[in-house]
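One structure is given here, and the rest of the page talks about it.
We call the chains A, B, C and D, going by the order they appear; numbering starts again at 1 in every chain.
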Amino acid sequence: MYITVKYFGQIAELTQKEEEALEFSGHQISGLLELLYDKYNGLESKDFQIAQNQELVSNNTKITGAEIALLPPFAGG
Amino acid sequence: MYITVKYFGQIAELTQKEEEALEFSGHQISGLLELLYDKYNGLESKDFQIAQNQELVSNNTKITGAEIALLPPFAGG
Amino acid sequence: MKDKKVKNVFKEGAISSEFIGHSIYKHQTKTSIGAHNIFLGQVRADNIDGKVVSAIEYTAYEDMANQKFHDIREAAFEKYDLTCMHIYHSLGTVKAGEICLFVFVSSPRRKVVFEALEFIVEAIKADVPVFGKEVFEDATHQWKKNT
Amino acid sequence: MKDKKVKNVFKEGAISSEFIGHSIYKHQTKTSIGAHNIFLGQVRADNIDGKVVSAIEYTAYEDMANQKFHDIREAAFEKYDLTCMHIYHSLGTVKAGEICLFVFVSSPRRKVVFEALEFIVEAIKADVPVFGKEVFEDATHQWKKNT
């Protein structure tokens, strides 16, 4: 399955892109993260939360497809 | 001794003046109030605080001269 | 102990939105500020037993009131890490919908402005000898009382 | 459950003092209001290890952020007796001294506006995916993080 992954702020700076479509055969967020850690050197040490379809999720949440976003610390206001 | 007495808001409406000089021979705020209650019908039932030289005082405060003010409930803001 | 530099907080009539906007503008040169908090008191067209308030006429024991505003200001600066603070209060007629009180506090960080602003507004309501005559549309009136 | 009427809270660039003044002006026809409370976030020229912040560049996960702003708005209206509420947040470059966040709440009575405003501002800081790049005068940068 293909998943859209979005990157923001400091994370987008590291991945050097704001969005990409990734082929992924696993089931959980943690599996996707392993794939991303392999792909992006230094990502594992960054501080971020993960949103699936615009809701924050944890590492063992099941991936239901659609849109995953990597969100560094919020800095609004 | 002569004392300047100031009236504000609802109290000034009752006394129909904002200020007057009164001759007073007593020593305490309570004595001055008796004089004012005699002079102004209805004053005794009104809600007010008393300031002497711009500081709130109680009925048994000694009158030190200068300026006495009758202050109805505050309504700032 | 009365400080010599007691400011005059009162303005004749309503406080305009342009005045408030310009006051905000003037703070944009103060680049240590991270948070502003502004309180505005607006005259309500209260309906009391079928009669509607059209304006409040404010009077004050001005010397004492300005001294109290000054004391509140000093107390707030002592309690809270504020960069600046401004207070303006109307005298005379302020119509329903117009602004009669403008309190403006600024600080490097946000937590302190919330506490400071509420402290200042509550102190103004409780301690400052300002009086308000609520004038109804039929020209009768009643006297306002803070709660 | 996502409401269809999610507003766009974001504005490109800084929020001007004229915009804020005009927003205050527009509320003067709402004569049930007795108290307004306004929070303004202003970009600080922080000095970090000898380098001075000259601007913040804001980005956001816009769809999620607008939904979060909407949820905060709904929660505030449910918790507090508010007449109205407005939130604006900048995207893009906001220079030191300029305003990046404008939160405006109004109510018949004052007590509720203090609580509501602090609730809203804290929720914005904690829950809304907005990101800030603090750009120094020498064009280097660091990433802002709310505390």
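As a convention for this text, contacts are C-beta pairs under 8 Å (C-beta built on N, C-alpha and C of every residue); 3 or more make two chains touch, one makes a residue touch a chain.
As the structure is a prediction and not an experimental result, all values here were calculated from the model.
Asker: What's the farthest chain from chain D if centres are computed as the mean of the Cα atoms?
Answerer: The most remote chain is B.
Asker: How big is the gap, in whole Å, between where the Cα atoms of chain B centre and where those of chain D centre?
Answerer: Going by mean C-alpha positions, chain B sits 49 Å from chain D.
Asker: Hey, how far is the Cα centre of chain A from the one of chain D, in Å?
Answerer: Computed from C-alpha means, the inter-chain centre distance equals 26 Å.
Asker: Using Cα averages as centroids, what's the distance between chain A and chain B in whole Å?
Answerer: From the centre of chain A to the centre of chain B is 73 Å.
Asker: Note the residues in chain D that touch 2 or more other chains, in rising order.
Answerer: Within chain D, residues 41, 110, 121, 125 contact more than one other chain.
Asker: Enumerate the residues of chain A that touch no fewer than two other chains.
Answerer: 77
Asker: Judged by the touch rule stated earlier, which pairs of chains are there in contact?
Answerer: Pairwise, the chains that meet the contact rule are A-D, B-C, C-D.
Asker: In their shared complex, at which residues does chain D touch chain A?
Answerer: Spelled out, the residues of chain D in touch with chain A are 41, 56, 58-61, 63-65, 67, 89, 100-101, 121, 124-133, 143-146.
Asker: Give the list of chain C residues in touch with chain D in this complex.
Answerer: Against chain D, chain C makes touches at 17-18, 20-22, 24-25, 27-45, 96-99, 106, 108, 110, 113-114, 117-118, 121, 125.
Asker: Would you mind writing out the residues of chain B in touch with chain C in their complex?
Answerer: Within the complex, chain B touches chain C at residues 6, 8-10, 12, 51, 54, 69, 71-77.
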